[in-house]
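Take this structure, written in structure tokens, and hold onto it; I'll ask about it next.
For clarity, chains are labelled A, B, C and D in written order, and residue numbers in each chain start from 1.
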Amino acid sequence: MEPSVTRDLALAHGLTAEEYDRAVQALGRTPTYAELGIFSVMWSEHCSYKSSRVHLKKLPTEGRRLIQGPGENAGVVAIGDGIAAVFKMESHNHPSYVEPYQGAATGVGGILRDIFTMGARPIASLNSLRFGSLEHPRTRYLVGGVVSGIAGYGNSIGVPTVGGEIYFHPSYNGNILVNVFSLGIARLEKIHKGTASGPGNPVIYAGSKTGRDGIHGASLLASSEFDAASESKRPTVQVGDPFTEKLLLEACLEVMKSPGVVVGIQDMGAAGLTCSTVEMAARAGTGMEIDLDKVPLREEGMTPYEILLSESQERMLLVATPQTERRVREVFAKWDLDASVVGRVTDTGRVRVFFKGHQVADVPAHALVDDAPRYRRPSARPSWQEALANLDRDVIKDIEDGTKTLQALSTSLNLCSREEVYTEYDHMVRSNTVVRPGSDAAVIRLKGTKVALALTVDCNARYCYLDPAEGARLAVAEAARNLACAGAWPLGTTDCLNFGNPEKPEVMWQFERAIEGIADACRVLDAPIVGGNVSFYNETEGKGIHPTPTIAMVGFLEDVKGALTQWFRKEGDLVFLLGEPAGSLAGSEYLALLHGLEAGRPQPVDLAREKALHDLVRAVRDSGLVVSAHDCSEGGLAFALLECCITAPGAAVGAGINLEGKGRLDEILFGEAPTRVIVSAPPEARARLEQKAHAASVPVHLMGTVGGSRLTVVAGGDRVIDLEIAPARAAWRAALAGHLKS
Amino acid sequence: MKFGIVVFPGSNCDHDVYHVAKHVLGHEAAFLWHKDTTFAGVDCVVLPGGFAHGDYLRAGAIARFSPIMKAVEAFAARGGLVFGICNGFQVLAEAGLLPGALVKNAGLKYVCRDVYVRAERQDTPYTSRIKQGTVLRIPIGHGEGCYYAPEEGLQELEEKRQVVFRYCDESGQVTTGSNPNGSLRAIAGICNARGNVLGMMPHPDRCAEEVLGNAQGRRIFDSIVYAWEQARRQRI
Amino acid sequence: MKARVYVTLKRGVLDPQGKTVCASLHQLGYREVTDVRVGKFMDITLGGLPRREAEQRLKAMCEKLLANTVIEDYRFEIYEE
Amino acid sequence: MKARVYVTLKRGVLDPQGKTVCASLHQLGYREVTDVRVGKFMDITLGGLPRREAEQRLKAMCEKLLANTVIEDYRFEIYEE
């Protein structure tokens, strides 16, 4: 027997009293149990963006090449010749904490469906991961599970994972972050949308059967804080089936190949059948009638409530026409998948659901989506924020041994090589990967064309903690800089905004400031937002994470042959710094690692100068003046120089560097700042390179020469670093495996 | 010549092989659907990489029963070229077209990276343009690539010179450190006694073009084409 | 002393392996098969502990490492060789 | 009718999974564990066949699909629910 709906039951479903009243008002009566389920998931934070929507409006979503901004399953950008890039990023934080392998795997499955729903074939993925400290008992287990889960799903379905980031910090001890990005390619005329137009058209369910898994999974898990009570929410984690998803992918792309067969299509993700039917109808201003008896079920005795809210994976909802319905069923049959007509599009504006001949729900589609609650939640600068900004440099002891410090940094958990992780990902399948993981941005070619795309994902959450607006600007700047270092210019940006509990004014303040920063930087750097995701409630027992607005950016290269990598190439090449050498200890990795301090105001970015730098890097690449370019970020100048020496897939090569340093040695070597790029160039290119830099008003400093088997750095006349490259490289490469082994 | 590329549900390197055959080599290529029972006009059948049937149960275990496999077996029995790459190798082993089995990597993890392999003989259609002892750099991408056969089986392989590729270091030395998955006798690829069926774990299809930074895998495809042309000339 | 630990997916949790094996058995003509669920087991050899204690420790091993009780159930048997 | 099929790696075939589980158990302090071997099992539900026939057909399923006898041994039990 289904419980009768009361206000208390609504509260237990996560609706507030006001939200419940609003639902009653929208219906003009007390909701049925199934309807209560529908309202509760549709108006959950995860599905409705009720706390973030008013702020997200501030993001720049216009661009010359933008075809589809936020609002669809993924963003679409034109890249010429009638081809579009379709991409998006999603979080799967809570499920991955509970069941790391399956949580991460189904996260990948979900983002891939968002892409192929649009008619695009996914061709590359990224992942951005945050874990707690190694002292936390679950950390190693979570890392192993998450990485294997991403690998297990992505490798099997055959989409290469070409890049990402992974950081460790105690603020993620109880709340890891698993953000996954995917990009697909489609011909413009084959882009499909999630609209249910054409009253009378059949609504088709395709893919895996529906089970009881994940009822209230993504929606509720991600819409409240995490605590001991979450234990009872546990079975909401699903098991992914990448094989079925691969079949679903092929079948969907096959039916979408010929125009007009599919009217609209949307995956069943969070909130399952409910969300897809309501959203598709709302977008088209139509309605739908759905017969739950036609839904393929995996288990017996499922109730309408369960069928509507199940988050079983690997399912799609399509709208065809009476003429094309057969074709759709044939294609799915070819791929051995269930496809069944579960209903019709109507012109009533309502989604009506039937079960065993009875109506179990009758809800207004439009009201559920567009009249969802929206909150401008109170926000206030945290009382502790000001104190964080103070960094008394005089109490910090300067380093004595630059070489030892560099060794310590380069083998530290956050700066050592990520090879241990990315070799578990198939990053080469589809044979497009021109620049593999291990450089500033990955580059993939597009077969049959000369062009290529560059991909990167970045966020320094410590900067965001110290100054959310500046931190967000810095994250966008770094992403764009990474693209520039690959020789690419930004096509568009997608974000994944990971924050704590939005009902806390301090968290809301962090959120608002971060949005401001992203908006600013994306505007100046010409990298519009095409879509994204908000993940709130990343809190456990009252403790929130560092604000982490992850930024993924897609760049364009007219000619794949112009792709640059970060490592030095040739003995005798000259090493230049483009940008101001001065770095700051504020918020630096050095300060955190060696002094246990997270303080200071991160060096702000001057976006106009940043843009000028990126333009310059691309210009000198285009004129063939430089052979490598590397962004200088965490770990400062010295660590970036070391990376230039040791990250080449082939043989490593040293360099002799001379810095005209004044002041603190730690600041010169390990201070951090935006707007700095290390390039290497043949000696004969020097004059032209310098001339171009001057013309662009970008500072240029000749720092030294590539060559030998050691990295030596002289600062202010003293030799401060002298490191043999081969063992340094071996140590840097082996470090992560060592840290994770325990 | 014409390459026929088998598409199992879950194959994911089918397009990569197609691209190499058609656009890099400039030969003909066609997909062969796993549910078909026959094919015609094909000179070399390729079983591509991927996760046929999800590799659930064991890699290749279910795919070997696909209807197309009877035709592939018959084609091999007539001396036709059958080339299994990665998952394709696993399918051939499960189907008994090649001896032994491929089990979980010794490190238990999927591994995607470049490895070096040494060509152990030139007198196969797959190495006809590669001198014995040549070291090739080719990427791998697999979780179950550890070659296993019982001791007698290994001896027989060696006696009949069926080991075609062995993992080695850059200089061609077979060392423990250069074996990425624990394969017995560092076996990366083997052929049948007749030499017309080859299976290998590394992916020459992922390194057949300069734009990808490595074109050494192309030498295996060039060998196939060369051998086929030689054979055709003899027939004429 | 030996123990055999069985780990299975919880009822209601999708078992993609079992589903695929079942479909494949059908294709091979074994139509009589109506369901397949795949699980794993671990044969553990243990040094001499009193049985009661061994039981307790095995339970802890299962909870901590051998099974993830979010999606899996476990069960074990202890026997002497 | 139900059958449980057990599949194990043959003695002599390395079981890296078992070794890793064993090492992890040691790390967690379960020093009493001296060996772990990992295997899998399949719970198969079968429609009404006489037991003899079911046995024969199960044997064939195992040989053909469920085990690879180059590397694995199998064993099964049939029971009524």
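Just so we're on the same page, a contact is a pair of C-beta atoms (placed from the backbone, for glycine too) under 8 Å apart; a residue touches a chain by one contact, two chains touch by 3 or more.
The shown structure was predicted, so the numbers you read here are calculated from the model rather than taken from an experiment.
By number of C-beta pairs in contact, A-B leads when A-C and A-B are compared.
Chain centres here are Cα averages; for subunit B and subunit C they lie 35 Å apart. Per-chain CA centroids place subunit A at a distance of 41 Å from subunit D.
Shared interface positions of subunit D, i.e. residues touching 2 or more other chains, are given as 64-66. Residue positions of subunit B touching 2 or more other chains, listed in rising order: 53-54, 56-57, 62, 65. Each of residues 241, 243-244, 336 in subunit A touches at least two other chains.
Chain pairs that touch one another: A-B, A-C, B-C, B-D, C-D.
Subunit B makes touch with subunit D in their complex at residues 57-58, 61-62, 65, 94, 100-101, 103-108, 148-150, 182. Across the complex, subunit A meets subunit B through its residues 148, 151-152, 155-158, 241-244, 246-247, 335-336, 422-431, 433-434, 445, 447-448, 560-561, 649.
Residues 98-99, 102, 208, 211-213, 234-235, 237-241, 243-244, 298-299, 312-313, 336 of subunit A are the ones touching subunit C in the complex. For subunit C in complex with subunit D, the touching residues are 6, 8, 18, 21, 24-25, 28, 30-49, 54, 57, 61, 64-66.
Contact residues of subunit D toward subunit B in the complex are 9, 12-14, 16-17, 20, 64-66, 68, 70-71.
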